[in-house]
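Below is one structure, written out as structure tokens; comments come after it.
Chain lettering (A, B, C and D) follows the sequence in which the chains are written, and residue indices restart at 1 in each chain.
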């Protein structure tokens, strides 16, 4: 940074030397923990972790769109579906009598799925560009319903509602998701790197890429254009920003993120199967709302917030049943406070409490807690 | 966008005249600007004045491309602005500051001003996401220039403060810094002294003159403070009811009967026609303080909708 | 022709109930600009009270208690939560209502247990009226009558009562209304109470064999989702639009199911909504807000 | 600053490598005890542990709780009688709330502790886990009877499949003179493995008897059948088949009555739930017949009544057919485990081998079941019953367990 920039003094967050060192040390610690976790955590907890990362990738995309560029979207579930289906089709075996497949290498399938989801998002731009606020949000909900119908109307593509189709196993740099085999040829310090461990590292890699890309864009020219469009479209135009292009672009980028999250969902669940109902399922309204909840709870527009929000919204409902259902306990009666009921209570209450006491989400909380540390130079 | 990644060097720019000829702007059945013509000469300070609802802001919006003109031509040099997509007008060297401070309140001053360099910089999501080295190098150069501009406007110490928490006057300066970050040859300021006290207004006047003198750009501004207008403008264009009623040097405009009539007609209820207030000369402040038309609410005139307000168009 | 008439009647009947739901939704949005995702839960909670009290005090008293309960719950949500989160953005408040929704839904569904889902339309359910060759569920006819009465009453109140004036003023300009001494919190709270009561009335028709084919259950909550496109089609700020939107949704669903594809009906509703929005970005009767520079 | 960053990151990676040296997850293989019976996962000298992945809080919690309680009654009975192979039965129960995202980690949590699954509820969950239970050789009893799931030996399906039920049902309808060759019939079905499998049955019957099947596809959460009935009425169908949820059944029947379409209905087993007789739909069941593989809870049969008594003694939830099914699947497990015990092999592979040899008589609960033909249902027999509020238990049998010629000759999707 330039001299005049640095001369800006006390007000500069992140300019304090200790703050910077603390930040790097924190990041390093985080990396250590994330890399070492698979060596300690049992498989089901790695599954929880990879599910959180799936949510994080989707939430990063949505926070760019909604938090940074101010476009409310409830269509995230639809773009997850587009990504998952595109991967299944592109990488699916050619010549399968039941399901259409192009037999492309899985890596190409992954990139293709992300690209197709992005294009699908861009295709919605003529509509999204005209609408604002809640109108845009509910309009985008139409895509979820459309996807729900299309998924079932095209079983040769999206997998039959009866049994679904298997997403092709994926492997890169020895990191892989493969439902069919328990890989254990590789081991680190006596810990065999099986399916769950390798999936963890693969998801970690994808999440890190998604995060770093978003971070670079947010702090650079695209991010400034997004925020300008969010805060004042006319001013943005006058300052040289093509509002139409920026809106379409950020919708495409957000959808591409959702597409990647969709592929991760298909890998994680081990199946490509259209939802049974428009409300529940992996690509439905509930999921779209969950993504919105993630970014609000995390703090609109904040990237670490999106990741934390995803960990909470996707992680908690999956993690609590693991914790609360002890091996010996019976299910109990229909009106019991079962673990899932308790999980739902915790999820609902957390959302309410966070918005009530920290409207800018966990990111705001973080800023408040770290504020004093930043100010010290 | 463009491959251009360097800022233009100040001082050696090609400043061209802005010609507004026979421009008409209609909103539905209402004529907001009616066959208006004037020219902003290179390097001049040009004021656009008139009572509320005269069509000044509409005129500004037409020049910066955010409202369509119904007939007539607006050219900058030989480029027809009316046929240029609005977002490309900035790249032609038109920078604009806004009447109601269209800053992003949660973004830092640096970010706000850096937005002005959108058209001068390049790289999309992937380029910036991947932190392409050439983009980072260019970004550092632009950051230096932004810091320089902020320094020039005296807001450098706030560089990393969210714009929304700054005092009003400083926000105005940030807004102007952002317009300057476009590296304009034409700087458009919409009521730069609105809401300012006498000493702040004087500083603003000096600032506008500095900008012109040091950067050599043309300045077109809308202002209600007649002291400021008559004090610094090289030429004044007066609109009333969307029509041009005068276009000349301040001393001539001041005496033009149409202008006096127009201003007497909009007695703001203070019993003091605005034209009288600046008769005192110098920087008399703002027509008696609270009578300042810029700070008081802006109701439409009797029987006429306020053409500047699109909401009123229904 | 007979089939067409039957389809028309099916659609209109459903539309009356969607209209009731959407109206409550719009009243809340108009007064507070909060998208109430908990609307389905309000209905569910009201319905639960009816189901519990019905065997003890009879249908009429139970229904009155249920409507009151939904109104009180809405009031509590507004006073206890939303009113205290004034710094939060409208989007955050909408998400807050999602949290409330999860809480209420979970608790009501837990309480419903494994008993048969209770049906709430005792006086009119499964007593079809036959007009020549076409049949109409009595629940729908009663719902239509109730909606007409309620909507008329609402519009009268909206136009002539001090409450309506205050509410309109607030929806036009919150700050100006506050300046004129209109107590914002009272308008806001009353809007929530009215919205909640409307949800409590709607559930008396939702949890019927005639309308949804299912008793009060988690699924009832999902049906309330249909209020979204209805409210949007009409324009979120327009109570009249909500009513029209309800009928558009009902008729689109019925017509598509018969003449296009049964399975396509729900998508068709959203596509119609999308079409309306492309032509009129704030719905048919929604207020257009434009930014100024 | 850059150098400092790099140094710290390098340190981080180094630290990771050191930390990993003392990981707790390092493998230590241990083999089973010295008993004569071979064991691997989920079996000790004292207990055999079976998993229960059910829905106790979501949309299928009624069914899930019923099956779970049936499983429990069976396990108690076995344990009181001294267990199987000298070992007690222990059930590990997990509630997934009918959500695949919750079920997947829960499966991961139980998979290394259980021999098999006494219950695996939820078609989206079975679809997601099918590959894994196949790979893990995890014998599982699904709460679903779609013949499309018979493609893995790990699926232990108790009773006739939906397609077979529908074939028996149509055969009954024709026998009664309700439908004739060449008629148009309607079929309302849920768009899921359940509905599609039922539709496969009616289509197979239609192909054999020149029936035109008019399809009306609905989603699982739809409960209002008004439009479906209007549509089928306008197409002049002579009978309507249902592969729907109980709520959809009630709606279809009341709407048919209201709209004056006077045709007989035939439904798969899950279309009827006795609680429907206490809803406003109760007077609409006079032309409704349904096909059973497993007896309903309230049936007036000795085995079912015995079970009902045991249930009433222990549980308060409203019972349903799930209880009988949960109990019957227990009986099947009992038979499989006994066979495996006799073969001295209680490993997962041993259990798989035992399944292929198992033939078991569940008395009236589900008749005789034969698991020795891979890809085929364990039974092709069905009851035909009619809802009747005047009879204790809410239903009466109009035809005892039978196998129609169409069902006998039908080829299921994975039949070899």
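Before moving on, here are some points about what is shown:
One rule holds in what follows: a contact is a pair of C-beta atoms (placed from the backbone, for glycine too) under 8 Å apart; a residue touches a chain by one contact, two chains touch by 3 or more.
What you see is a predicted model; the values in this text were computed from it and never measured.
Note on connectivity: the fewest steps through touching chains from subunit A to subunit D is 1.
Set against the C-alpha centre of subunit D, every other chain centre is closer than that of B. As a whole-number value, the distance joining the C-alpha centres of subunit C and subunit D reads 37 Å.
Subunit B and subunit D have Cα centroids separated by 73 Å. With centres taken as mean Cα positions, subunit B sits 43 Å from subunit A.
Mean C-alpha positions place subunit B and subunit C at a centre distance of 48 Å. Residue positions of subunit C with contacts to 2 or more other chains are 110, 113-115, 222, 263, 293. Counting partners per residue, subunit A has 152, 232, 234-235, 238, 277-279, 333-334, 336, 341 as the residues that reach two or more other chains.
Counting partner chains per residue, subunit B has residues 66, 98, 102 touching two or more of them.
Of all the residues in subunit A, the ones that touch subunit D in their complex are 20-21, 24-25, 27-29, 31-32, 35-36, 39-45, 47-48, 51, 152, 160-164, 166, 179-182, 187-192, 196, 268-271, 273, 275-282, 314, 317-319, 321-322, 325, 327-334, 336, 338-341.
Across the interface of their complex, subunit D is touched by residues 3, 6-7, 10, 14, 109-110, 113-117, 119, 121, 125-126, 128, 130, 133, 135, 137, 208-215, 218-219, 222, 253-254, 257-258, 262-263, 265 of subunit C.
Subunit C meets subunit A in the complex at residues 29, 35, 37, 81, 84-85, 87-96, 98-103, 105-107, 110-111, 113-115, 222, 225, 228-229, 232, 236, 263-264, 266-267, 269-271, 273-274, 277-278, 281-283, 286, 291, 293. Listing the residues of subunit D that touch subunit C in their complex gives 57-59, 61-62, 65, 191, 216-219, 221, 223-228, 230-231, 233-234, 247-248, 250-251, 254-255, 257-260, 275-276, 278-281, 283-284, 317-318.
Against subunit C, in their complex, subunit A makes its touches with residues 66, 72, 127, 130-135, 137-139, 141-142, 145-146, 148-149, 152-153, 232-235, 238, 277-279, 285, 289, 292-293, 296-297, 300, 333-337, 341, 344-345, 347-352, 355-356, 359, 361.
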